[in-house]
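Once you scroll down, you'll see the structures, which are given as C-alpha cells.
Consider the two complexes below, in which subunit A is the common component and subunit B and subunit C are the respective partners.
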Partner chain A sequence: MFSGASAYIDFIRIRFLTMLAYRVNYYTGILIYTLNIGVYYFTWKAIYGGGGELGGFTASQMTTYLAVSWMARAFYFNNLDREISTDIRDGSIAIQFIRPYNYIMVKMMQGFGEGLFRFMLFMIPGMAIAMLLFPVKLPTAPEAWAGFLVMLFFSFLINSQLNVITGLMAFFVENNEGFMRMKRVVVDLFSGLIIPISLFPGWLADIMGFLPFQAITYLPGSVFTGRIQGVGIWHVLGIQVLWFLLLLIPMVLLYRMSRKRLFVQGG
Partner chain B sequence: MNAIEVKDLRKTFKVQKNREGLKGAFQDLFKRQYNEVAAVKDISFQIPQGEICGYIGENGAGKSTTIKMLTGILVPTSGHLSVGGFVPYEEREKFVQHIGVVFGQRSQLWWDIGVIESFQLLRKVYKVSEQDFKRRLDELVERLQLQDLLNRPVRKLSLGQRMRCELVAALLHNPSIVFLDEPTIGLDIVVKSEIREFLKDMNREHGTTILLTTHDLQDIEALCSRVIMLDDGRIIYDGGLEELKNRWGTGREVQFQFGTGTKLAQLQAWTAGLPVEWSAENDLGAKVWIPLEINVSDVLGQVVGKADITDIKIIETNTDDIVRSIYQSGSAEKKTDANDVTEDESVMTHV
Partner chain C sequence: MSYYLGLIVEYLKNYIKTRMTYRADFWVEVISDLLFQATNLIFIFVIFMHTDSLGGWSQGEVVFVYGFFMVPFGVFSCFINLWGFSERYIVKGEMDRVMTRPAHNLFQIFLENVDPPALVGSIIGIVIMAISGSQLGLPFEWWTIPAMLVLTISAVAIYTGIYTALTSLSFYSDAPTGILPLMFNVQGYGRYPVTIYNRAIQVLLTWILPFAFVGVYPASLFLEREEMRNMAFLTPVVGGVFLAIGLTAWNYGVRRYRGAGS
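What follows is the complex of A and B.
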C-alpha cells in the first residue's frame, strides 16, 4: 500500500497547488468564518450577561473556544464526500480503478493537500483577524500548541473518514445527497462547533461520549482553551486515535463491498 | 501464449424498477423491486499476444462492460478471466501496472494541471524509473507531435490534442496489453488517421496486444486483423474482417454508361448463362448486380467490346453496409461458423 509513497505525496502537492490557483475563492471564506465567530461571540456575550460560568466555560473561555473551533473547522473541513459521490455517479470512478493505487488513499491525500492549503491560507490569517476583533486568549505553552496541532491532524483524519464513508454510500443508494447534508449538520452540531457539548442536556452529552463527533472539535478545543489539562490531554488523544482506528473498519469494509456493487454509469 | 483469455464471462446488473403512480412511489419507498439485466451473456474468446482485435457492436451490446471487466474495474458475475496472466479483479493494483487503458469519453488527465505534470504524476503512480520515463516520453512526444502542448493545462487542449495526450498517459508505463474504448470518437479525419498509424506502429515495434472498441469501422479496417462482434451480450461473429465481408457481403454492382443507346434485352443476351441481374434507367445507363461467386471480369468481358461504353463504376458493398445489415438482423438469420464453435466450447465447459 505504501510502496508508491512518492505518488501519494504528489497528490498532496498537486491538490495544494490547484487550491492555490483558486485561492481567491477563499478570501470570502475567511470573511464568512469571521462573521460566524462574530455572530456567536455576541450571542454568547448576551447570554453570559454580567459573568459567571456556563457548562464549565467562562465567558472568555467561550470566546476562545468559538474562535478555535471555527478556525479548526477551516482546516479539517473538506468535500471528499461530494467528490467521491460525484466520481461514482458520473462514472469517472472507472478511471480511478485502472490505476495501480488505492482510491481511498488518494482521496485522503488530496484531502490533506486541501487541508494544508486551508491551514496556511485560511486558518492562520482567519485566526489573526479573529484575534484582532475579539478578545481571544491563546495559550502560551509550547506543549499546548504541539498537542493542538497533533489533535487537529486527528480531527482532519476522523472528519475525512466520515466523509469517505458518506461518499461511498453513493454505491448503495441512488442519490446520497440527503446523507451528505445530514452528515454535515450532524458533524457541525454534534462535534460541539455550534454549542459546546458540556451545554447539551445530560443524556445527550452522555450519548455524545460514545460517538466520534466530539473527537473532531469539542475535545481538541477543550484542550486548547485549557479546560482539559495534564493527563487529560493524553486521554483526549487516546479517544481520537481510538476513533481513527475504529472508523477504518467500516471504511475499508464499505470500500471492499462497493467494488462488487460498482456499475459504471454512462458507457 | 494468449494475452487475453475469456471463458463464459457473464455480468448481470440489478436495475431498480420504478412502479407507477403515487402508490407505486410509496411502495418503492419501503420495498424496492429489481430487474436483473444481463449485459454480457457467457462470452468466450482468446486473443493471442501481439494481435490487434476489434470489438464491435451496437450501443448497449455489452462492449464497454466487457472492457471494464477485462481491465479490473468491474467484477464479473460468473466466468473465467485471465489477462496477461492475471485475474484482473482479484489483484487489481498489481494487474493494472501491466495494462494501458484509454476511454475515449473520459479523460484520465488531471484537468487543472499541465500536461507534463500529469505525465510526471503518472510516472510516480506507475513507478516508472526516471530514465525509462524520459526515453518513453521523448519517443511518444515526437511520434504524436506534442512538443507544444506539454506545458498547457489539460482544460485548454482541443479534443484531438487531448486524445493524443490520453494515449501518451495510457502508454507511459509501456504496457503489454492496451484497451481502447472508442479512442477516435469525435475526432477529425486527420487526427483519426494519425492515431491509427501510431497504434499500428506500436503494435509492430513493441508487439503490443490491442483490444479496440469503436463505432468507426474504418478504425477496424485500418488496424484489425480480427473482429469480434457483439449483439445483445453475445458474440455473433469472431474472425477475420475479410471473411466477414465475404460471408455477409452478397455481391458487387457495376454501373455502365453508354455512348449509344443499348437495350436492356441486348445486355441480358450478352451475359446469358451468368447469374447476374441487369437493370436500366434508360438506354444510356445500366446497372448489373454480380454475386460473389462470379468474377467481375467475366461479366465485363462479355460487355466490353460489344457496347459503346463511356464509363464503368464498380461498387463493392462496404463494411458499414455489411455491419448495418448484421446489426439490423441480429444474430438470428445468418449464423457464422465461428459463433457455433464458441457456443460448443461453452457447452463443453458447462458439462
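What follows is the complex of A and C.
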C-alpha cells in the first residue's frame, strides 16, 4: 500500500473543487427539490384533511420529515454506481486497478467530496428555502442535532456502499442499467423517502425493518422530527453502524471477485 | 418519408440482433421497469390505506390515471431516450459522426437509443386501465380507442418536447447538466389530481413543465370528470406547442455545436 491518508484526502478536495466549478447545476437542483417537497407536502395535506395522526406522524411532523428527508437526499445522493459501471464498460478501470491505491476507497472519497459540496451548497440552502415556504420545525434538543448529523454521515456511507455494489455488478452482467434503475427506485421507496416506513402495512414495515434502506432516510428523519429521542438515538445509530459493517462484506467480496474477473477479460 | 421508415426498420433489426445475444439483460430491464411501476402503485395503495379520497378522487380513479400515464410513458421511453446524451454525444464526440450522415441528427440519435422493453410498461398500463375502468363502471364508447390514440401521441409529443429542449441545453454548456434525472421525479406529479396542489405548482405542471397533460388531464376524459374536460381537449395543442419548442431549441443548439475540441 502506498503513502496512505494524504493522497486519499486529495481525492476529496479535487472532487469538491470539480463540483464547485459546476455549481450552477445545483441551483436548478435546489428548485426541483423544493418542488418535490411542495408536491408531497400538498399530497399529505390532502390525505390528512382535517388533522389527526398517520402512522404516528402528526401533520406538522410529516412536513418536517418531508423537508429533512429530501434535503438529506440532496446530500447523500451520488452517482458512484454510474461512474463505476462506466469505468468498467469503457475499460478505464484497468488503469485504475494498476494504480497504487484502492479503487473503492478512491470512489468513496470522491463521493465524500461531492457530499461535502452538496451539504454546503445544496442541502443547507435548500433547507433554508424549504423553511421559508413550508412550516418546518427544527429540533430544539442539542442531542437531536448531534444525533442527526452523525446519522446523516452514516446515511451517506450506506447509500454509497449500495452504489458501489450496484456499480460493480457491471462486471457480472453485460448491461447493469436495469440494476442501477432498480436500486434507485428501491432506495427511494424503502428508505422511507416517499412514504415513512410506519405508514406501510404492518408486514411490509416489518420486512423493511430487516433491510438496510431504512437506515438511509427513515431513521435519521425520525431523530430530526423528534419521534426518536434520548437513548433511542443510540439505538438507531447502532442499527446504522451495524448495516455499515454488514455491507462492507459484499462490497469487499465483489471487489476481490471483480479484480480476478478483470484479469481474465484483459488477458 | 419512406427513407426514414426504412431506417426505422433497419435500426430495429439491428437492435434485435444485438439484444438477442444478451437475452438475460433484456429481462432484467423489463423487470426493473416493472418494479419501478410497481413502487408507484404501492405509493397509491399505501396512501389510500389512510384516506378514502385524494382531493375528491377515489382510489380506483387515481389507479386509472396511473394506468393511462404508463401508456405514453412507455412509448416515449421506447423511442426517445436522451439519457446520457451529453456524455456520449458531446463529450465523447459522437455527435460529429451523426452529423456527417444524411438523416436528421435528432432522428438518428433517437434510433440509436431505442429501448423496446419499455413498451411492456405501456401494455401493463392498458391492462390497469381496463381493470380499474371496469371496476369503476366506465362506459366503452366508439371514441374511446381513437381518443386514446390521439391523447397518447399528444402526451408523447409533450415528453419529447420537454426532454429535447432540456437536452439541447448541453449544446450551450459543456458542463454535465444534472437536469434530466431531476425531471424524472417531476414528471410523475402530473398523474395525481393536480387540484390538490397549490396555485403555483398547478400553474407549473400545467403551463411550464406541462406534465399534468401526460397524466391526469387526458385521463379525466375517460373518467368523465367534468372539471378537467377542457384540459383534456387541450392536450393535442399543448403537445404540438411543446414539440415545436423542443425541436426549435434543438436545431438552434445544433447550429451552435462546435465539437468537443480534441
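We take it that the second predicted complex is superposed on the first by the 259 of 267 C-alpha atoms of A that agree within 3 Å, B and C clash if a C-alpha of one lies under 4 Å from a C-alpha of the other, contacts with A are read in each partner's own complex, and residues count from 1 in each chain.
Assume contacts are C-beta pairs under 8 Å (C-beta built on N, C-alpha and C of every residue); 3 or more make two chains touch, one makes a residue touch a chain.
Everything quoted here is computed from the prediction, not taken from an experiment.
Q: For A:226, select first, second, both or neither according to whether it touches subunit B, subunit C, the two together, or no partner.
A: After superposing on A, A:226 lies clear of both subunit B and subunit C.
Q: For A:28, is the partner it touches subunit B (first), subunit C (second), both, or none of the two (neither)?
A: Once the two structures are laid over each other on A, A:28 reaches subunit C alone.
Q: For A:125, select first, second, both or neither according to whether it touches subunit B, subunit C, the two together, or no partner.
A: A:125 contacts neither subunit B nor subunit C.
Q: Using the superposition on chain A described above, determine whether A:250 touches subunit B (first), subunit C (second), both, or neither.
A: Touch status of A:250: no partner.
Q: Quick one: subunit B or subunit C, who's touching more of subunit A?
A: C
Q: Quick one: is A:139 in contact with subunit B, with subunit C, with both, or with neither? Answer first, second, both or neither.
A: A:139 sits against neither subunit B nor subunit C.
Q: Considering only touches as defined above, state whether A:199 meets subunit B (first), subunit C (second), both or neither.
A: A:199 sits against subunit C, while subunit B stays out of touch.
Q: Counting only touches as set out at the top, which of subunit B and subunit C does A:47 meet: first, second, both, neither?
A: Only subunit C is touched by A:47; subunit B is not.
Q: Using the superposition described at the top, list the residues of subunit A that contact subunit B and also contact subunit C.
A: 21, 174
Q: Can you name the residues of subunit A that touch subunit B in the complex?
A: 3-4, 6-7, 10-11, 14, 17-18, 21, 91-92, 94-95, 97-102, 174, 259-260, 262-264, 266-267
Q: Quick one: in the complex, what on subunit A touches subunit C?
A: 21-22, 24-26, 28-29, 32, 35-36, 38-39, 42-43, 45-47, 49, 54-55, 86, 173-175, 177-179, 181-182, 185-186, 188-189, 194-195, 199-201
Q: Can you check the complex and tell me which residues of subunit B touch subunit A?
A: 13, 16, 64, 68, 71-75, 89, 92-94, 96-97, 99, 101, 103, 105-108, 110, 112-113, 117, 120-121, 124-127, 181
Q: Taking the touch rule as given, give the residues of subunit C at its contact with subunit A in the complex, in rising order.
A: Where subunit C meets subunit A, its residues are 22, 24-25, 28-29, 31-33, 35-36, 39, 42-43, 46-47, 49-51, 54-55, 87, 173, 175-179, 182-183, 185-186, 189, 192, 196-198, 200-201, 204.
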